[in-house]
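One structure, pasted below without further comment.
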Amino acid sequence: MSNWTAAHLWLIPLLPLAASLAILSLTKKQRAFAAGLAIAGQVLALLLSLAAFGGAIPTPTYRAVHNFVWFTFGEQALRLGFLLDPLASVMLVMITFVSLCIFVFSLGYMAKDENFGRFFAYLSFFSAAMLGVVIANSLLLLFICWELVGLASYLLIGFWIHKPSAAAAAKKAFITTRIGDLGFFLGMIWLYGRSGTLLFYDGGHGALETAGLLSLGGAATSIALLIFCGAVGKSGQFPLHVWLPDAMEGPTPVSALIHAATMVAAGVFLVARVYPIFSLGAIKGVTTSLLVVVWIGVVTALISALIALAQFDIKRILAYSTVSQLGLMMVSLGVGGVAAGIMHLLAHGFFKALLFLGSGSVIHGCDEEQDIRRMGGLRGAMPVTFLTYAVGMMALSGVPLFFAGAWTKEEILHATSLWSVSRLPHFLMLAGVVLTALYMTRQMIYVFFGERRTAPTHAHESSSVMTWPLMVLALCTIAFSLVLTPAWPWLHDFLLGVRPLFNAASLIQPGLFLALVLVAIGIGLGVLIYRGAGERDPFARTAPAVFRFLENRMWLDELYDWTILAFARFAAQLSDFLDRYLWDGLVRLGGEIGRAFGGLTKGFDERAINSGVNDATVFARGIGRLVAARHSGQVQTYLGAIAVGLLALLIFYAWLI
Amino acid sequence: MNSAAFIVIAILTLAAALAAATLRKLVHAALCFAAAFVGVAAFYFLLGAEFVGLIQVFVYVGAVAVLIVFTILLTRREVEEDRAFHWSGALVALAVFAGLAWAIFKSAGLSVTATAIPGLTVKQIGEMLMTDYIWPLQCIGLLLTAALVGALVLVMEEKR
Amino acid sequence: MTLQSLLIVSAALFCIGLLAALSRRHAIFILIGIEMMLAAAGLNFIAFWRFGSQPAPPTGVMITIFAIAIAAAEAAVGLALVIAVYRHYRTTNVDQMNQLKG
Amino acid sequence: MIAWTIYFTFAGAVLILLLPQALSRWLALIVAAAGFGIDLAAFFARGSDFAHFATIVRLPWVPALGMNYHLAADGISLTMTLVTGLTATCAVLFSWKVEDRPNEFFFWLLLVVAGSYGVFLSADLFLFFVFYELVIVPKYFLIAIWGSTNKEYGAMKLTLYSFLGGAFVFIGILAAYTTAGSLDLTQLGRFQFSPQLQTWVFPVLFLGFAILAGIWPLHTWAPTGHVAAPTAGSMLLAGIVMKLGAYGALRVALNLFPLGFVLWSKWIAVFAVIGIVYAAAVALRQNDLKFVIGYSSVSHMGFVLLGLAAGNLLGVSGAVLQMFSHGVIGALLFSLAGAIYFRLHTRNLDDLSTMNLARRMPFIALAFVAASAASMGIPGFSGFVAEITILVGAWKRFPVAVGLTGLGMVLVAAFTLRALKKAFFADARVKPATAAPILPNESAMWAEKSGAVLLIFATLAVGLFPKLLFDRIMPAVETMRFLRP
Amino acid sequence: MAHLIAGLIFIPILGALFVSVAPRPYARPVALGSCAITALFSLELWRVFNPALAGLQLVARHDWIPAIGAELHLGVDGLSLLLVLLTSLVFPFALLARELDRAFCALMLLMQAALYGTFTAQNFVLWFLFYEMSLFPGFLLIKIWGGPKRDRAATKFFLYTFLGSVAMLLSFLGIYLVRGTFDFAQLASLGKSGLLGGEARWFAFAGVFLGLAVKVPLFPFHTWLPDAYETAPTGVSMVMTGALSKMGVYGFVRLLLPLFPNEIRIAGPWLLGLAVCSIVFTSLAAWAQTDLKRMVAYLSINHLGYCMLGLFAVASSALIPPNEAQAALSGVFLQVFNHGLTAAALFYFVGLLEERRGARGLEDFGGLMQRTPLLCGWMSVAMFSSLGLPGLNGFVGEFLIFTGSFSLAAGYTAVAVLGLLITAIVFLRAMQALFSGPLATSCATFPDLRARETWVVVPVTLLMFAVGIYPQFICGIFNSTVTGMARLLG
């Protein structure tokens, strides 16, 4: 079974893709059929993924590779391939599972949308591309699917295309990620130029295997950093994080699927996938490239956590939280905790999807209201949503023991504490934990507690098709922690290719207490500060300048707008200007010179040459007139002329002899 | 003998010609003209072209001179004298003469004397006219006829 | 009597004819001048024939004969013209006849 | 056989004077076409000797002076007679609607043609000169009587220039005759003239001929003459008469005085190149369609002179080909300009640009497009092959000149394009045609159509298969003396 | 089978003749029929073509103008075949683009014949004949059927190209004088050791370069192109960008690279600089355009800039590793094909929009997605193809070009990658302006894709997918040629 699945891994992305294409060819009316196709595709993909996962479990360091020739150019062949290893298998399961939940949720959330079918087509397409990223055994194939993921994200963010803000956000997302992708692209071609292959694993000849890595030599750092650019773009790391909050213009299921659970995690996945390149030549687990990864992650995590404190849009808060968590994952990868990072990724996938879907449910219930200041007291109106949301919130904040997020976060903190370069990231991440708990508490209080404010007068619980996914995801978030505990770090060891051992003793760790304390501080502070907060944020009251700074996202968007974008627009206008007036001007000047030359010669021809001839004629005629006047034009004159002519001939004759 | 005759004839002829060209009275000029042509005829005789000489006398002295005199008479009343004389013409003539003379003197092989030749009989001339020169002869005949008719037409009074 | 002397004479005769034709204003004088020039040409022909290498075909003689004939015709037409012109303009002075003027 | 073109055309000319007016154009067409047929037959005759100037007929004329009625032909002559016949036929076709004294018109026209045939075939210098001068007189009458714009001026200018050139030529011929004692071109072609003599006779002779070929700065007769002439006159001028000069320069000046040529060739090249660029530049600013074409003729003839100046096999062969090519193209351009003038009585480009001619006269527009392409030297038309051959030839001796010529080619393209645009494709949509109501007989007549098609076909055929001509021209050029001075 | 090529050249000419005598309503059917026959011929050519051989195939060679060494020498290798196929592909669609005159069809067919000739001629004179033959129809098509400013644009197009052609012609004459041949293969074999010596070689190089650079066009010789493409009627723009601009690239591959390897190596940095400028500046300029067609025109230059980058990178490296050269050359060839397909499609779409709206400014549209989803969908595919989205054709070529040239000229390539970004910006900006937002009132009555239009759009788009997903069927055509060429240059 497992062999069959590994060999037919391509079926996993293909099924959603086929579903997507099939849906696109349907008419608008066939809504149920469209949704059915999408969900069927997703279910099948989930089953296959589970099969693949199941096949991968028994063997530690499982790795099934299936390579093939894409096309040949010159005498060379460009090869692509699929790969199934622990990393891919867990990602497959997580993605297909979360996707399925979100698909089902969308049935309710998008029920009234006119382009219901198209939405599912896009979702399926996204799912296919994302699965492709996960199973790619070739940097090129990964890049291809990576870009397709970007396209899907673009389409879905701009799904409500009649909203100009959505279109703008979609454009911003695509272009910002593409900036990173260009780095990725350069890194990829550089890698290809060095190692001559883009396959990760190829029976010893792959780029991530010893021979391939050795051929990179000194370029490894640059290549790694360039590839990291791609990850920065996709995972919304500083300084390319600006697109992600804007991307919340898309429908909420999209935000849940793409901008929380899966796509944004692709950057982390990418770094994990090509980790051998990052860690090549590491001294005590540190390389230049990893150093960069760590600091980018730290900055991102802190900045976005701070900004999240001052946002009012329910989805934006979650978006910044996502950015922050992704930063955390990057830090983890950078300091060497690959497994920890991936585990957090998986856990984050579950609970962030849960949170987003919950927020979707809230928004849905409140008639598309997204401002938390207008919500409040929804606890009673939306009990299921409230409970599941609370689970998600606690998982995110890292409340220990029962929630997946806590274990993974703890693991990351542990990894940072061991980093040989500096302890600073560790402390900063601890601060991050506090901040996370703080802003989540703020959100909870604003949304679910207190009095009902303006909008949700007739707020209601969502239909069961939406609440069921919430509950499933909440359960998963809790259940997932079973395989994460230090007592039985099954997932950790599975990812590292080690047989897990059960050790109840290791459940009790100092870090766990530290986390508990920090989370408690965060939540406690939150409750203290935001209890009874009204329209005006308490924080804004105490430190308005700082609050405004954070509320406006540190004015980073404006900064980009005034510097990079302004420069680019100026360059565009300049190019156009130069084109019209300099380069074309030169051409026109050439033409004008030609014309002027024509005019000049024409004048010369008429005035100098031709009139010269005419003047000569006139002169000759004048002489003739003169002579004629003397002899009044008689026969004899002519006779005389003949005589003179005779004389002339004689003289000529004389001259001859 | 020949040389003497040549000199005499030359002087007479040229003198007559000069007179014909310069005399004011038309009639006198016409007479001198006739005399000059007699001189030319004499040259022909001297050169052994007797037939040509005779024709010269008949045609010019006999016909043309008479014609001229008749014309003078016909237009007599107003024009019997021509006083106008352009010295520029004389200059040109003199220059041409100088040029010609210079060319003649300059040319080598011209100072030959005549060798004896058998006389050119009229019979010979007639034969040639009727054989080799038959086409020119015919043309001349035509020309003369045309000239005759033309002259008549010109001179005829227009009928009113 | 050499060819040279004869040519000189004929040249002189030609120039006298030229003189008459150029300097006089009366049509008849011009005619006379032209006849003289023609005669001079005839004289040349005869002279060249006579002093050329013998025996030679009498081409010069023949040309002279034709020239005389043509001259006669010319004189006839010319004089007729003089008369016709006189009738028309009442003058025989060519100064007044400048119809050829361009 | 080829000699019959001369007799036939002369006879036809005389006969036309005697026939009723209605028949004159048909007779003229028959005569011209017959001449063309004979040319074709002679040109494609199997087994002919194209390499040597082979005698066709030789009769004593004035033996005392060594004048003979001597006709001969080689590949060059045959090429030139071919273009003469072609142009003549088309000129008659484009004169189909001459209403004013058609008999005389066709008489003079055929006289020009006959004289040209004579020039191209005569192998005796004096005969050559007689024919050469014979062409001038009918030309004068054609222009002065049937011409247009400023016709007396144009005619007189043309005639004066021609006589001036003739005088130079005559001096040269006299010099050759007095030195070599012969007028026979084949004999003279073997005679070794002293270098001193060649030094001064060659330029005199060449200049005399080159005036008729429109050498700068003695070219001004050409535009005015072309403009003044009636359509057929312009066609003959461009198609044939200008070639007389170039042909004479090649056949007489170059071949008789090779040393003089070597001495002077760089000056010829200088003037040729100036002519090419200069005339093209002047044409860029002309507003009369015929002036544009007239200057283009000067520019194209500059190529001929440049080819001659190169003095090698390729250059001279190219020059001969260019004579053919320009004969055809120039005739075509003038015929179409004439066709427009005939209908609209204007040739002013600004006027024409308001008339939307491309729609009104599609055939003429199409033909003009083809003619423009040919004139610019677009490959596929004869002009390109000729120019490229000339340039290859000239490059060996005057690389700089070739570079400048490239500039000239661009200018040629520029002015041709300008004329084409303004005359036919001006933006009538922007400026609606206000003036000039559509005339009844605007579409081309069959005569015009067949004439234009014939010319286009000729230029295309030669452009695509230049071997046809090169096979005949090159052997003839190869035997010429100046290649090995 | 050599008659196949001759047939390809002559059938459009015959077609043009038929079109010009056929009654007006039959003009397009006849023209399309001619296209169909030539398409069949090209397919047959593809069938008999042996892709395993590197050299010329189906060669026909006859004397033509022995005086100047011109021969009727036709033949195809992989590149030629590719371009022949492209030509056969673009023309029918271009002819379907609008209602047509007889003369329009006839001129288009003439241009087609010229293109077939250019891509198969193996002797300079013959090649030049066809090269120039395309010029006049192009001029007339723009001049007569173009939009506003057509006069200036057509004239500039013609004269500029003509200037370049003359320069190139003169250069080749110079080469001919020294080397005595116009045959491409012979000249190429002489190129290594230097065709000319001294100063002359630089003049010759400059002449050929100028001629081709104008044709492609390469920055800064490109200014004729936006004007010409902007004003030309849709079908003509399609053909010009789809096939005509390939003449220049083809010329670079066939002439400049093999003939002047040493010169290019010396001038390499400058040439690469021009290529990079071509990529960056024109895409920036495209950003600044508000006219859709002009924008696409600028992007067309940008895309050909990638081709130039690849070619110059290959040619200017002192030591060319075969792998990189093969990658870059394959990329260039693929890009040539892809750009032909995609840019033509883009012009077609712009034409559709213009036809519906009567204008084509970016601000003239809005919210089209709501009204004409199919049109927008297919158009987006073309746009994404153009900006190099993987899965579509554009990506494969660009990937190979960048892969090849990065190893050979890393710095230039790194800068050139900016072009990919700016292109994306430009297209997304256009999509945002056209498709999204509230439906503009002026667009409220737009019909969606009509059946006739679908018949153009769908096959082209499917082909884009096909090349993007399975490029092998295109690469297979020229792999041997690429190998041979890389060996020749290396």
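Observations on the structure shown:
Think of it as A, B, C, D and E in the order they're written, each chain with its own count starting at 1.
Going forward, a contact is a pair of C-beta atoms (placed from the backbone, for glycine too) under 8 Å apart; a residue touches a chain by one contact, two chains touch by 3 or more.
Given the structure is predicted, the values throughout are model-derived calculations rather than measurements.
Using the contact threshold fixed earlier, the set of chains in contact with both chain A and chain B is C. Greatest Cα centroid separation from chain C: this falls to A.
Between D-E and B-C, more C-beta contact pairs join the chains of B-C. With centres taken as mean Cα positions, chain C sits 6 Å from chain B. In whole angstrom, the spacing between the mean C-alpha positions of chain A and chain C is 118. Each chain gets a centre from the mean of its Cα atoms; for chain C and chain D, those two points are 47 Å apart. Rounded to whole angstrom, the centroid-to-centroid distance between chain B and chain E, based on C-alpha atoms, equals 94 Å. Looking at chain E, one finds that residues 159 touch two or more other chains. Counting partners per residue, chain D has 410, 414 as the residues that reach two or more other chains.
The multi-chain contact residues of chain C, meaning those touching 2 or more other chains, are 18, 21-22, 95. Taken together, the chains touch in the following pairs: A-B, A-C, A-D, A-E, B-C, D-E.
Against chain B, the residues of chain A that register as touching in their complex are 636, 640, 643-644, 646-647, 650-651, 653-654, 657.
The touching residues of chain D, when paired with chain E in their complex, are 314, 317, 358, 362, 369, 373, 376, 378-380, 384-385, 388-389, 391-392, 395-396, 399, 402-403, 406, 409-410, 413-414, 417-418, 421, 425-427, 465-467, 470, 474. The part of chain A that touches chain E in the complex is made up of residues 70-76, 140, 143-145, 147-148, 151, 154, 158, 161-164, 166-168, 170-171, 174-175, 178-179, 182, 185-186, 189-190, 192-193, 196, 568-569, 571-576, 578-579, 583-584, 586-587, 591. Considering their complex, residues 156, 159-160, 219-220, 222-224, 226, 281-282, 284-285, 287-289, 322-327, 329-331, 367, 369-370, 384, 389-391, 395-396, 399-400, 402-403, 406-407, 410, 413-414, 417-418, 420-422, 424-425, 428-429, 431-432, 435-439, 470-472, 475-476, 479, 482-483, 486 of chain E touch chain A. Residue ranges on chain B touching chain C, taken from their complex, read 2-3, 6, 10, 13-14, 17-18, 20-22, 26, 29-30, 33, 36-37, 40, 43-44, 46-49, 51-52, 55-56, 59-60, 63-64, 67-68, 70-72, 74-75, 78-79, 82, 84-90, 92-94, 96-97, 100-101, 104-105, 110-115, 117-118, 120, 124-125, 128-129, 132-133, 136, 140, 143-144, 146-148, 150-152, 154-155.
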